[in-house]
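Following this message is one structure expressed as structure tokens.
By letter and in written order, the chains are A, B, C and D; residue numbering begins at 1 in each of them.
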Amino acid sequence: MNFWEKMEKVDVRIIFVVVIIAIAIPLVKPLGLPMKVMPMSQQVYDYIEKMPNGSKVFLSFDYGTGSIPELEPAAKAFLTHFFRKGFKVYTMASTADGGMVSQMCMAGFEKLGKVYDKDFITLGYFAGGEAGIAAWSADAKKVFQRDARGTPIDQLAMMKDIKTVKDFTLGVTVNSGPGGYGTVEAWVRQVPIVYKTPFIVAPGGAMVANTIPYIQAGQIQGMIGGLRPSAEYELLLKEPGLGVAAMDAQSAAHSIMIAFILLGNAAYFALRKRPGARQ
Amino acid sequence: MRRSLPVLIAIVVGIGMVFDLFLKLPLLNNPMAEVRNWMPIMTSFAVIVGCVGLLNVHYKNIQRKRPGWYNSVILWAVMLSVIALGCTKGTRDATYSFIFNNVLVASSTTLSAVGALFLASSGFRAFRATNTNATILLISGALVMLAQVPIGEAIYGQIPNIGNWIMNVPNNAGQRGIMIASGVGFITVCLRIMLGYTRSYLGGGE
Amino acid sequence: MFIVPRLVTLYIMLVVCGVIVLQIERAKRGAGIKIRRIPALEAMTEVVGRATEMGRPVHFTAGVGNLTTRGAQAMMASLEILSYLSEMAARYNSKIITTVAQGDVYAVSEEIIKGAFIRAGHPDAYSPDMIRYLSDSQFAYAGGIAGIITREQCVANVMIGHFAAEALYIAESAHLAGAVQIAGTTNMYQLPYLIAACDYVLIGEELFAAGAYFGKNLVDLGALSGQDFARLFAVALIIIGVALGTVGNKWLTDFLAFK
Amino acid sequence: MGLDVIISVIFTLALFTFVFAKDNPVYNTAEHIFVAVGAGHAVVASYWVLRNNAWDLLVTKGNTTVLLPILLGLLLFTRYIKSISWLTRPSIALIVACGAGLGLRGSIRVDFLDQIVATFLPFNSIDNIIFVVGTVATITYFFFTGTYTRAFQGRLKVLPQVGQWFMMVAFGASFGQSVMGRLAVLVGKISFLLKDVLRIGM
């Protein structure tokens, strides 16, 4: 058995251990590699920076608990920027998990001194997926009879002059593509197209490539897609947080991933020439 | 009657919902807005129905003492306690948040992390350049991956720009082609439901 | 009454929907529409033949979707493919193993396979062991499949339907077991993994062509042909728009983008 | 170390055992609890939607328009009673048709018209030419029937072939982007185990 044959038969658990160690090292000893800000993140940052103070914006937490590590940095970066600009923030969620996640996330900002019903409100979970989005866009108070804290919607000062989605200056979805719930496609179909409300999307990495055509077609204003752009956004805000912190570990993990693909293919081509090998 | 009434509902609501966008006609707009407002209520029932199905499957496991039936007992106990707690105390209750954070969040992120480990092992064992298509995919994937992380820049300064170009030109073209092509497919699926050509969602039988 | 800024959208919608309905109706009256070859579906016949030769089973699975909410369209198309695949298996007297992750899919698969064996004239060759319910939780389901493919030495792994993160794990396990893999899903997020790890892949829409490809489902065939006309319309518009744009004329853009 | 960290660690490690030993009892039990909490939470969230948007309106405000959706929703439960399970059909038809109508009316603009118009790029740069050719070629891959299809299998064979390459670049890009998302969770988990549990590298 030569080297490549041994490689082909390597126990998968060894691979797992190698990956885990490769990620652990930079977490303990960060490398602090510099990072460039890409045009897309700059564009989103500038767009929000140019919006007038006191604008009304909504942010929908359309992800499940499994995507928290990937998407929370984006949600937090947006919220930090919104509060810095003095926007009024309305949060909600199209997934049952998202309803809880939004409350947990906003609790963090409440500790920093943001006031409920003055700076932000959490409307919580709305059911119905795309139909729920359509219903909410047409008549915001019908879908939420109470906010996530159980207060009747009419008693909230921030909801007084909200009728339809047109009353918002910007909408954002932080989205993991939850099938059957509020996907990016569903939001784009129901909000920016019908009501012309400006819209920004923060999708998970897997969906970034599919979301790009919407930007070039001018249907949405921009995208913060995945962890790297979130880290860039944190740099733009001059508040390095969760996203930036993980970047070195990501560098290590990606290098290992590419090394594996190269090694695997080297083994494949080395062994392919032998007789009796599976093609 | 058992099949034609549902199909009739589908035709009326489907076509009505489409023309609701194009016509300013209160006679149409108001009932359609009403139907949209029903959806959160009806889909909430559907979610509960699905969970009853889950309980049902596990009830059968217990009843027939299938292997691992004790796990089904645990599932029943945990699920009913969560429901009882959440429905009486609300989701802002401290115990409820505790369970959500330390069981649900911890578990689902762990399972995603397990997925990441499989990704790494597949990178080594299954992602092979066996044909032109797979080769193009792997090259494009590797470049975009490198463009994502600071180490890519450290290796070669132009890597982020190359990644950006791939995303915005060839990827965008491919994605748009797929979007138009499958958009037509999606429109057809919707149209077939609305016009009663597709009835399989109603289930078999008469 | 008409909302003027939306009129262009309405016209385009009527053209697209009109041509699809027209083609469905024409197909129903027997317009003799021909369909192109689809390598992944062709490979299925090959795979069944090889399974007979080698006396080893073919594995089929439709993924973690269900028939109502999660990937329902893809699941239904997939079960149609199962119907043809199992009929072929019954004809060639080869073994097929189907694994499922959802209760409703289990019930329907059972009916489909039984029906296929009856149609092929081998009702006695059917056994309930051909359909195995594994788990409705994705990784437990994927783990179960990995075990079956390895233990039973499946000659091929056909995974067509709605898949999530477990797709990669199944594909990798089958790859290691040396099975020929035919995959397909409409979930674009999983397609890259399947293309990298499988031999044949049905990309998105191709999945829905299967009903028309194997069978005599005339509505499917007509819908497919109608869609082709709609896509041809899109291509024509793009070519005209680009040509006009290149010579600096913008009227088509202005007309279509009017909103 | 608080109870919260201890429980998180127990579930994290129990579910991680899957990668080292498939189908082990620790994993199975942890997974059942996870599924139970997830499904239980879905029921709780739905319960509060129903309570706020249906029950309260009906009882406290006497709004009877919600009676119909409540009735249709309740009919969904008949799927568990074989003899009258067909009663679910009107409700399912309503949900499916509403989704289909909303999907179609949005999709015609979002996925079709706007995308076509956005491709009207003048041939004055290499990028534009690549873009238009790529888009058109990719669409031609999805032709299945008709005489023009025969052309794409014969003389114009190169078009769907090129389309396939563009799709592969797109899938590669999608793959490259998704790796970070998937690894992010793993990085998060390892960071949690190192920093919150073992207190290394603080």
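To be clear about the criterion, a residue touches a chain if its C-beta (ideal position, glycine included) is under 8 Å from a C-beta of that chain, and two chains touch if they have at least 3 such contacts.
The shown structure was predicted, so the numbers you read here are calculated from the model rather than taken from an experiment.
By the document's definition of touch, common neighbours of subunit A and subunit B comprise C, D.
Taking each chain's centre as the mean of its C-alpha atoms, the one that lies farthest from the centre of subunit C is A. The geometric centre of subunit A is 14 Å away from that of subunit D, both derived from CA atoms.
Centres computed as Cα averages put subunit B at a distance of 2 Å from subunit D. Within subunit A, contacts with two or more other chains are made by residues 16, 19-20, 66-69, 96-97, 99-100, 126-127, 129, 131, 134, 143, 194, 206, 208-210, 213, 216, 226, 228, 250, 254, 257. Counting partner chains per residue, subunit B shows two or more touched chains at residues 18, 21-22, 36, 39-44, 46-47, 50, 53-54, 90-91, 100-101, 104-105, 108-109, 111-112, 114-115, 117-119, 121, 125-128, 130, 133-134, 137-138, 141-142, 145, 148-149, 167, 171-172, 175-176, 178-182, 184-185, 187, 189, 191, 201. Each of residues 18-19, 28, 31, 35, 38, 41-42, 44-46, 48-49, 53, 92, 95, 98, 102-105, 107-112, 114-119, 132, 135-136, 139, 141-142, 167-168, 170-175, 177-180, 182-183, 185-186, 188-189 in subunit D touches at least two other chains. Those residues of subunit B that touch subunit C in the complex are listed here as 18, 21-25, 46, 50, 53-54, 57, 111-112, 114-115, 118-119, 121-122, 125-128, 130, 133-134, 137-138, 141, 178, 180-182, 184-185, 187-189, 191-192, 195, 197-198, 200-201, 204.
Contact residues on subunit A toward subunit C in their complex (touch as defined above): 177, 179-180, 206-207, 210, 278. Within the complex formed with subunit A, the residues of subunit C that make contact are 69-71, 178, 187-189. Those residues of subunit C lying in contact with subunit B across their complex are 1-3, 6-7, 9-10, 13, 16-17, 20-21, 24, 67-69, 72-73, 76, 103, 108, 111, 136, 138-139, 165-166, 168-169, 171-172, 175-176, 186, 188, 192-193, 195-197, 199, 204-205, 208, 219, 223, 226-227, 230-231, 234.
Of all residues in subunit A, only 8, 10, 12, 15-16, 19-20, 33-36, 38-40, 64-69, 96-97, 99-100, 103-104, 126-129, 131-132, 134-135, 138-139, 142-143, 148-150, 194, 208-210, 212-213, 216, 226, 228, 247-248, 250-252, 254-258, 260-261, 263-265, 268, 279 touch subunit B in the complex they form.
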